[in-house]
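Heads up, there are several structures right after this.
What follows is a pair of complexes built around chain A, which joins chain B in one and chain C in the other.
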Partner chain A sequence: MNDTDISVGSRSEASVSGRVEPSMKKLEEGKPRKPKRSIGTILAPYLFSFPAFAIVFVFVVIAALNTFRLAFTDSTLLIPGKFVGFQNFVEVFHDEYFWTAMLNSTLYVVCVVPFMVILPLILANLVRGNSKIMGFFRTAFYTPVVMSAVVVGMIWTNLLDSKGLINSILETTRIIKHPIPFLTDRWLILFSAMFVTIWLGLGYYMVIYLTALANIDDALYEAASLDGAGPVRQFVSITMPGVRSTMVLIMMLSTIAAFRVFNEIYVLTNGTAGPGGEDITMSMLIQQQGTGIQARTGYASAISLIVLAVVGTMLIVQQIVQKRGED
Partner chain B sequence: MFSMKKVAAVTGAAAMLLSMGACGNKDNEAANGNVEIKFQTWNLKNDKYTPYFTSLISAYEKSHKGVTIKWIDQLSDNYEEKLSADAAANNLPDVLDANPSLMFGLAKAGALMDVGKEAPNASKNYYPNAWKAVTFSGKGITTAAYGFPWYVNDGPMYYNIELMKKCGLDPDKLPVTYDDYFADADTMVKSGCGAFMSTNTASDAADYASAGVQFMSKDKTEYTFNTPKAVAHLQRFIDLYNQKGIPPEALNAQWSQQGEFFQRGSIIAMGGSAYSAADFKQNSPDLYKNLAVGPKITDEGRSATVSYEMLAVNSQTKHKKEALDFAQFVTNSKNQLEFAKKSNTFPSSAGGLDDPYYKKIDTSDLQGKALAITLKEVQTGYSSRPPQFTDAAGSQYLQQQVALAMQGKQTAKQALDKTVDFANKKLK
Partner chain C sequence: MGHKKITLGKVVQYVVLVFMFVLLVGPFVWELSLSFKGPGDNVYAVPPYVIPRTPTIENYKQVFRQVPVFHYMINTIIVAIIAIAGNVIFSTMAGYALGRLKWRGRNAMLALFMGTMVIPVEGVMISQFLIIRSIHLQNTLLAVALPGMVGAINILLMTNAFKAIPNELEEAAQVDGANVWQQFFHVCLPQVKGTMTVVGIFAFVGAWNDFLWPLIVISDEKNYTLTLGMNRLKGMFVSDPRLIAAGALVSLIPILIFFACFQKYFFQGLEQGGIKE
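What follows is the complex of A and B.
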């Protein structure tokens, strides 16, 4: 019974009693009485949630508003600037490193996101189940997620260096004569970083897919099996539609993460953004401009707003494409 | 009626709020009314230096009743971020340690005291070159001394003897000038020994200054290192890179990475500090036995890579007199000498280098040789890197442009012209 039903029921009871009450007082007496709540009960939830709200307000809302304000000033970290209108944006669009960063970050999204959406799903499909061996693999795939950026950097730098493990093996087995410049060639640095990102993210998104896969009814697989559908057909026709909403979520999450990539490039290039700074990404550009004693906070804020706009646009486009696909 | 559960819940929430509020409740003064001076050092709290600072502070507090020194040490990494965050929050310590490059931004923003004005007789207590290094001038800054010179350092070139022999070089005839250096590099390349000369790519101010290039105008209002002489100098490095005499990793290596290359025997030479010898002895004893030391490569006959550390005083300090006094106490001749001896660095206080300790350096081992070479560099050399040429204001850009030139994506002239243009725009 919903709220409307209750009110109708109340009126009916009054009618049945045969006494039509003219006065408001009587009507009020007829309403269900709210239980009295102490001041402590009323305040408790607000007091408990206040710290969280305060933190979000100070570190997210105020910070975001401040970024918006700063983007239109020539502020540095230590010297409050003055309003300069769109000057920062004009300068950004004439900054050669901005366009390099935009290209690299966009390429990152284009190359990394498809792998981030599909590979963890395949992996989750392979390691689902309750056996101990599957548990071992799930843990193994998730391990990179909990590693610190420094450790990841050391592992991959040692592997990809010109005298690192990969080049040494390839040279020893005479597959190559000269080392592959994984960490010194502009494009190879970018693709190496993409590989590291995928390696790092697989476990995280795999766990999300595992949760989604648990919601698919096993009877569907049994029925499909009886109809003669093989593993690939079952994957395409049952698993993928079953986790469609999760795929959309992961696509959005990985798009945002890929466009804002920082750690992987930073650790592989020692923070230099590669020879000539040609592997710079949007987040690195913001970091370079917005940190340090001579930080140009106004300029860095303008770049941040552009990143926000680009990521927002990407998500909107994804939503539109997704809706059209569903229609 | 309040139930116990509700009382506990509300009390808990209130306690949480109060504790959050307490986070921001600070009182720098000691409860007993003493003056407390916050003294911040940079990566100096460890087994080697802690006893020195504890004793130093204790001696000062004993002779200055009512003054308490609170020693804070910050880790090596992200020191600039820490300083900038403190400065932005108007929370800088009273006395702080950093190099001129880090101090310049703080001074420009008015965060540091003009100690020359506040302590007018102080300059005579330090070597003229040291006082010059802490005196900032140029666009957007009032010419003044923004701190007291502290310890000084430079260092020799370290050479891998075994690798030199393998590459056809004579370890008894180490290069001194750039002509010597490139002649050795040429011999090394032709030998096909598979080694690299060093990670030096001419991407630092000192690389140009030591080749006789005037890096900046005397009035510090513009950069001038895109001269034909500078272009020719960079071209020599580009040619060496193309002949595979410089490792490709050098193009995106930070200064610290050259040590890794050197320790694994990839490069013949590396520039280091006087105390690098002690590090090699402790961490790579086999390599230590196989090392030779020589002076820094320069065409000027003197080192351009002398680095000065300084102690500045926060312009907003509530205890100006005590902070100035303590900073001068730490940097006085006696205390500088004691610290320098412990750390294999050198004092900037006037007469410090005449101490008997520096007259009788035992040069029978590598550490002694390194110290003796560095002593000469400190005595005759200078700091060629303008404090305003920071990472953000040109130094990183120079490294990037040089890397592009090494890769053949632009000429040496284009690299230097672009960097000078970029850095000049930052001078405002």
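What follows is the complex of A and C.
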């Protein structure tokens, strides 16, 4: 179990290392008897995969199909509703709130993704190595990943408060005279939430990069050193090409995650989506429209469908970019 | 590389590492200090100070008095147990069928599972809620766990783990006359225990930290999970950072202990699959 040979990011999230336990080699070679195909043998694969299939089928396939159907109805939580064609979409596209959500979610992607792709790579380079101290840093940087965004949001609410630690430090050092309204200004809320997202995700992507870095041949660095290439030069000519496919993977993962942002903004704004709801995101919009006793499930499904379409487009673009890079 | 000489590069490296360490760990130190500060402490002092002048555990007592923290923890543990059992058992079973057995429909099934992996939860959660509602499970802990009971990524992890088992092992068992079921339990399962652990651990963390889905499906406070409870606590104590700090630490301690115990599996899991959730 310890000799995992690592292959994250080589193609897709499905790529998983092959592990071979050394103890298996001692097994004698033998000609397998033709297995009797009893009824149990024939049914086995279906029985084995049925529970997983049933749950995925109901909660993903049926749910997705139902989202598609509902998007074209005026159904609410209590009334099944009738087919209304594209009316929901017409309404969505005329809804200022929707465009605010789209803007915020898109800004989230644009601002967060570059940090998620670059910072963890730099960190991963800095914490490489087998020494105890590096192991300590790796663990410390990874720890926030296991925490819930709600609790982390509580912590940062305290820190970013107008009288919180950050403002207090800035005032002590006389950098500012008046506290910065991190949690009450429409734009600063968004940027604070982005900061929390990056803070939470750094360690996760760092570990993914570490596995990719481990696959780069050390001889390349040694040869570069002999040729007099400095650390920056080595980073650009050896490290970057070596982790290219991982970078694309992380770009995709962090893009989708950023577009779906919910927890950080919900918690930092106490569920209000900021002053006048200006900090709403796509996921919050779905949650607001689609839940509660007055839920407009049809309308919320139309928005869901748009989110699915945007995420689908991102995945396709990513595939094309990756294909082009391989040629 | 072998010599220990101090270079400019090394200095820069450690400066950055220490800075990141302060940025990532500093907030916890501050919260810890806040949570023990008593009425004699000015929590808004400029300049700020860390060591409480009137240390007290009153904040923690207050949190436990106002919010049934243990009750919410038990709810969360129930959800987590269902999620762990579902993910470990069902994805192991499916992984065996997909990774080791030859049958009609196998590729279609694999394609289905991979396809569902790219569907974001937010896109289908309203429909999921309607399904939960139509089977009258809304507002139950089972409903919180149900849609996440089998993660497609876990099925793929298990499938690949089963695929990696060398054929000779099974062939040897067949020579001994073992049937499919015996091969599963006695030959294959012991080989994938590590991956099963990884799946279980990530299922636990996912269940422990989930917020949006419980928020949608649970309305009754007595069925709140810990994240919902903490969100409510944050709303209640919005004016007292000491209590928010105490609440945050109380809900962090179990997951941090869990992380400390299973650390190596977290890193191993990321190496294998590269994905959480």
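FYI, the second predicted complex is superposed on the first by the 279 of 327 C-alpha atoms of A that agree within 3 Å, B and C clash if a C-alpha of one lies under 4 Å from a C-alpha of the other, contacts with A are read in each partner's own complex, and residues count from 1 in each chain.
Please note the rule applied: a residue touches a chain if its C-beta (ideal position, glycine included) is under 8 Å from a C-beta of that chain, and two chains touch if they have at least 3 such contacts.
All figures in this text were calculated on a predicted structure; none of them were measured in a lab.
A.B. asks: Output check: A:Y142 vs chain B and chain C. Expected answer is one of first, second, both, neither. What do you get?
C.D. replies: Second partner only.
A.B. asks: Regarding the shared-chain residue A:K163, is it in contact with chain B (first), chain C (second), both, or neither?
C.D. replies: both
A.B. asks: Could you say whether A:A219 touches chain B, chain C, both of them, or neither, answering first, second, both or neither?
C.D. replies: The answer is neither, since A:A219 touches no partner chain.
A.B. asks: Once chain A of both complexes is superposed, is A:V311 in touch with chain B (first), chain C (second), both, or neither?
C.D. replies: second
A.B. asks: So, A:G40: does it touch chain B (first), chain C (second), both, or neither?
C.D. replies: both
A.B. asks: Does chain C touch more residues of chain A than chain B does, or is it the other way round?
C.D. replies: Here the partner covering more residues of chain A is C.
A.B. asks: Per the contact definition in the header, classify A:V267: touching chain B only (first), chain C only (second), both, or neither.
C.D. replies: second
A.B. asks: Between chain B (first) and chain C (second), which, if any, makes contact with A:I175: first, second, both or neither?
C.D. replies: neither
A.B. asks: With both complexes superposed on chain A, which partner does A:F48 reach: first (chain B), second (chain C), both or neither?
C.D. replies: Both: A:F48 reaches chain B and chain C.
A.B. asks: Could you list which residues of chain A make contact with chain B in one structure and with chain C in the other?
C.D. replies: In chain A, residues 38, 40-41, 44, 48, 51, 161, 163, 270-271, 291, 295 are touched by chain B and also by chain C.
A.B. asks: Can you name the residues of chain A that touch chain B in the complex?
C.D. replies: These residues of chain A touch chain B: 38, 40-41, 43-44, 47-48, 50-51, 54, 76-79, 161-163, 181, 183-184, 269-278, 288-289, 291-296.
A.B. asks: Could you please specify the touching residues of chain C with respect to chain A in the complex?
C.D. replies: On the chain C side, the touching residues are 9, 13, 16-17, 20-21, 23-25, 27-28, 30-31, 34, 44-48, 86, 89-91, 93-94, 96-98, 101, 103, 106, 109, 112-114, 116-131, 146-147, 149-150, 152-153, 155-157, 160-161, 163-164, 166, 168-169, 171-172, 174-175, 177, 179-181, 184, 191, 194, 205, 208-212, 215-216, 226-227, 230-231, 234-235, 238, 241, 244-245, 247-248, 251-252, 255-256, 258-259, 263, 266-268, 270-276.
A.B. asks: Can you list the residues on chain A that touch chain C in the complex?
C.D. replies: Residue list for chain A touching chain C: 1, 4, 6, 8-9, 13-21, 24, 27-33, 35-36, 38, 40-41, 44-46, 48-49, 51-53, 55-64, 66-67, 70, 122-123, 126-127, 137-151, 153-159, 161, 163-165, 168-169, 171-172, 199, 202-204, 207-208, 211, 231, 249, 253, 256, 260, 262-263, 266-267, 270-271, 282-283, 286-287, 290-291, 295, 297, 300-301, 304-305, 307-308, 311-312, 315.
A.B. asks: Flag every residue of chain B that touches chain A in the complex, lowest number first.
C.D. replies: Touching chain A from chain B are residues 1-2, 6-7, 9-10, 13-14, 16-17, 20, 80-81, 83-84, 87-88, 102, 104-106, 108-109, 111, 247-249, 251-254, 257, 264, 266, 390-393, 396, 399-401, 403-404, 406-407, 409.
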